[in-house]
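Look at the two complexes coming up: subunit A is in both, with subunit B in one and subunit C in the other.
Right, the complex of A and B next:
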């Protein structure tokens, strides 16, 4: 991270008429932008190819597998020639994909925001979970509130809880220098086990069923309204708009506010920022709190949007926060990149689920693990931008060399 | 020797230094809680309060005389010891006797600590050479799956452990290539290893064994030769026999690996080289140490040791494999390494502490199943204890944990 600060594209959509395209700086930034799109693209293609090799090596057909996964995601809804019953199915599948994309955008932003301040927030999972706990508590117990106020309070307090959980790591880094990677990993597991205690058998927030470790169910007034599809069949809730709004908020904070300026300055070079009068410690805390806010909000989206309650096995199995790391890395910590990364991983998650994938083509249990393999490869290759950039430049050099004798 | 000198020497001997005072204080603080437990089960509340107060006073004395670290340690022991002792006294003696059967509790501690010890020692090799290893969890999981698979295919636990170590070594090699030659961010690389291992072991598990699960002792086609054997020293009923009488072979191997790791790391020139690469790679390079080679070997060894921990878990302990069966143990091992300040015996002590908290987490709920307290009836908060302790440790409340200077920094040859 620290090695290549200049390659982080400053803003997702570049200001259109800020500089004439002829200057050296503009050409340079254009090259970085191309590299910025190309590297994640190559990474994704390589990861899918490697995943295909695993599928092929274990005696399945990779092409039909990927085709079935693609149809399971519902992205074929976008093709105009899909019609009739297929189209109805595709719509339902696409709703599921977008339901998963919603929290992934937010946990992706949680990682990306801290990244821009030079920190690696692996704690998205813990921040997501404490947000979910608070959303359940507020959503199930303050039932006398009117609908909009109830939803608003539940989301706001969940985001606040996430901010506190992330802020602890930021505070520790600012005051004692404790590395945020270690403290956020520890906070993840504390959040998981505290949730296990809260909603487990005879726990303080266990639901009415005393033989199952499941929380109370969120009241109707706190549920996010469904705007596409049947609410009974888990249609798409309005949380997707909150997530899209968060992308805008992320971009505006980073690029149009003093807070964002300071955060980016610290991310580029903490000593220079300190010398320029920016408090590095304050920004460590602030960036982690804002990161946590995004992740906590993601927890609220899942709880108020479609889950409505939480069981302890679900707490242990949840990985939305961890996938957020892959989303942000693939999206190069920009708003648009995070959106595309979240869509990719949301689609993969849904496309390989037991409910969506055609089991006659490929076993969904295998497929969900294939998703993890692809995620792992994506993160592995994204981390090695030296490799990708090396290949990119080598290709160019080869092209130059082959052209030179002719000219 | 003049009489003045002699008198000074005697005075030095007679009055304990502040450090010894603080250590006594820590001991008293622990005693404050321990006396309330079986077998002593002291029931008067003055005992923990008085002992804890003395501990705090001694700690304060030492802290004022520039023995800050141990001093504050003693103060903390007193502050924690008093409420803990009082809390324990609230519980009935029969409950305590059921939960704190020391012999079985300590044997369980060793069982839970062993996978952590292996992985933490592995992590020590990697991090001492300057490569952060967040991927311990994934390497451990790989060891768990390939251990079972190898034992099943080769028909012997030795083959299982060997194949597990090979798999862990391969994952270590992948991490090493990305961390060393490609100079990728090591935390990102480790995260990738964790995802990759989770996916790959889950995929192969379903592909090879399907919904039937791995062969096990109960389904019949798993022979006892395929499990790592227990070593029976004594089958008596005394305390020693309860703790050490019937331990798995891997637990004894972990003790051996611990001692060997210590000797290798701190008593040989190889260890000196590894540490030099982790503290100041440029200087190491200048004196002719091949930094890349040292780091490669260290990270691969780290993967192999972590995989041994995983293999113990599957082949030696549960005799089966489940998807994601390590469930964060790799991260607890990482925590043990940090808690133990990147030293072998420190990491082992931390692993024992965390193993003890796991053993308690399994011993307390059944003993307290008839009480109203949800804290005691659920094991969850005890499971969270290792992570909270590590959080306190990295925050530096009781002595800061400082990593090797070049830990996590890619090195570029010149």
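Right, the complex of A and C next:
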């Protein structure tokens, strides 16, 4: 081991006794710190450049395609010079983008929170789904409740269901040491097939339509009110405020409560946390439950905000929980980063959808593939960016060891 | 002793980003001398030796061997010039025999490419005989002691015809007896005309073995002095740059009631092997009880059981007269009044990613004033940290600095500050000065004595006999999970050393 030069006044502090941090979360955070805010920005730009090459390969102009995608997201609504019919279109598009952003914020938080406790929650999808099931059940059956109470109960119980689903994985990790990646993946499948059974043909919760595997529809009293746009045309519901509130809750829990202190201590160094008097096992359970709560809440937002019912093909096709992993990774597991990541993926989804993308610029048949390609590229580059930072650090270490004199 | 230098370093300078690790260092090595390189952690000793061994290139300066200027671009070049290095962490392959390890990379070949094992063994025997080594060439490295492994490393260098040997902190891993044996070997190497550079930060052993001593401080060479006429105090002053109190000054203990009582404690390790086997002891208010022992004789498990980090399999622990439940978690032990300076501050004692303020709150974050009803008050954490940083003279950062950005000595000050400031009745200090330099050691030692005089019961566990002898009011020796003797602080290192390997006369414990 080389001696680490220390205690040089004014000098940049070199890593003292540079042992690698113990947990994945600690290593990741060390890399994040080096990459700063620049790395995720570069990641995104590079992903779009690579996407542009794909667009170019299909014989389209990448610049005009991206411009059309951007207009499809409705984000041009923010520009004051967009007016008239364009502005009306932009508003409708932006409402769609924010409707997609809402659950992505919440599933992103579900991944980020577990991450801060040193765990990788791949189970956002399952937690999202059980939240959605409970939201449908409460929303469609307790119609005698007054509006606000109905909505509140549906959201709260959906969040609780997600918490239970996440908590199972946390409980298993705390008591038997079962790795959360494995157990959450399996719980995803349990959630998917339970839904398939519930709402499938002649399932116990199949809706009135005997010939289609679709659930009951939630009552009007349980629907989240639309505050922007036409409720009949899928305007923007108030769920976006719940999601924004969840971002604040996430930040406050982590930084201003003893629960958050424990979560972060366990995430960085479980041995030191235990030494500090913190029960590591309790925190594994609690952090997974809180994570699941965010994801379960996401399920309620979609059901009570705009979907209102759920079909079994939709259950199988849904990937909101998985995109949450990319959102959290791109957002560095922070509140503000998760918001920006969710907005990016929500906008991408809407901007490239066949409905929003200008068909004269890009063939509608190709458009939905383009969504997946760009999403895939962003996810790929998020992973690669950690890899690149890792390689960069490694090279720096090697160079320190064997640095050649100049010239 | 021939006077012509076999090795000369002139004006060696090495700059790392932000740090001048070596600043125009001159050094010469005579034939047949042991030249000690003394300095605190971070003084630039290892950097200099890595330059000499071809692992780093100097930015400036030149090296000459036997009067000829040389440049090294890799360790291979250094070896070719007769320089051998024994690292602190051995580079041996455990499943191979001693002889195989020694010839590895320069194997005598018989017919074609096959290893001529017989020739290898013969050659190893021959070298061992020349220098008076006791090794079995056919033993597997995994089956021999650390001291013997070190000899294999030295033999490896000799096999490659080294006549300049660099030893990097060679005694750090050895028991006192093994260290004495090493010094015997070094003397016989010297008699055969070998030259040795001996890197250390321990004053007593440098005075024991060296012919000349060069002291480095903050990348500069302070002086080179002959062994004759220097004292420990003088060397310490050169190393640290100020007067250092080496002997801990300690008034006689005024002992009170027993605050920590352990009765017939048994503890298993992670692999369910009994590591503590029936330990009973008492630590009273106002005394330091030292536990000496070779690493791995159950000290770690004992400390973990006392601090609630490991559940004992039987026996009782009482803190301040209150018997703790067997499954008491670390939180219960903390609340009962124990403080703990853990043996590994980076793994246990600190969350390196946390700020100093968050680290200082590690035990009491859940109590007022740090938090109320689950709400944390970061500003109060920072205020608290600011006070401790000032009182305990922590340098290198403020309350919001990441703990990982501090030097080892200052990290340890943060740990000590936190534990002492909680005002514990019982303070468990496990290797509290591991990896610290002279100045920081002095600080921690003085602090432990102050805490003793405040009326705390202090359980000191250390692998450093000198530390045990200078701090303890009573000494227990632990061997294979049991207390094998109690000694007064006037005991000699030899007495304790024998007891530590299970060969001591049985003392009434």
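A few remarks follow.
The definition used in the following text is that the second predicted complex is superposed on the first by the 346 of 407 C-alpha atoms of A that agree within 3 Å, B and C clash if a C-alpha of one lies under 4 Å from a C-alpha of the other, contacts with A are read in each partner's own complex, and residues count from 1 in each chain.
In the analysis below, contacts are C-beta pairs under 8 Å (C-beta built on N, C-alpha and C of every residue); 3 or more make two chains touch, one makes a residue touch a chain.
It should be emphasised that the depicted structure is a prediction, and the values quoted were computed from it without experimental measurement.
When the shared chain is aligned, subunit B comes close enough to touch A:189, but subunit C does not.
Residue contacts after overlaying the shared chain place A:363 against subunit B, while subunit C stays out of touching range. Contacts of A:201 after superposition: subunit B is touched, whereas subunit C is not reached. Legend: residue contacts after superposition of the two complexes on their common chain; A:209 is shown touching neither subunit B nor subunit C. Once chain A of one complex is fitted onto chain A of the other, the partner contacts of A:54 are limited to subunit B, with no touch recorded for subunit C. In the superposed model, A:232 lies in contact with neither subunit B nor subunit C. Contacts of A:382 after superposition: subunit B is touched, whereas subunit C is not reached. Under the contact criterion defined above, the residues of subunit A that touch both subunit B in one complex and subunit C in the other are 1, 3. Interface of subunit C with subunit A (complex): residues 16-21, 41-47, 50, 55-59, 88-89, 218-219, 307, 309, 329-331, 334-335, 340, 342, 346-354, 358, 361-363, 365-366, 371, 374-376, 378, 395-397, 404-411, 435.
Subunit A meets subunit B in the complex at residues 1, 3, 54, 58, 120, 122, 172, 176-179, 181-183, 185-187, 189-190, 192-194, 196-197, 200-204, 316, 322, 325-326, 329, 363, 365-366, 368-380, 382-387. Taken together, the subunit B residues at the contact with subunit A in this complex read 134, 174, 178, 182-185, 187-189, 191-200, 202-204, 206-207, 211, 323, 327-328, 331-332, 334-335, 338, 374-375, 377-378, 380-381, 383-384, 387-388, 390-391, 394-396, 400, 403, 410.
Listed in rising order, the residues of subunit A touching subunit C in the complex are 1-8, 11-17, 19, 21-22, 26, 29-30, 255-262, 264-265, 268-269, 271-279, 400-405.
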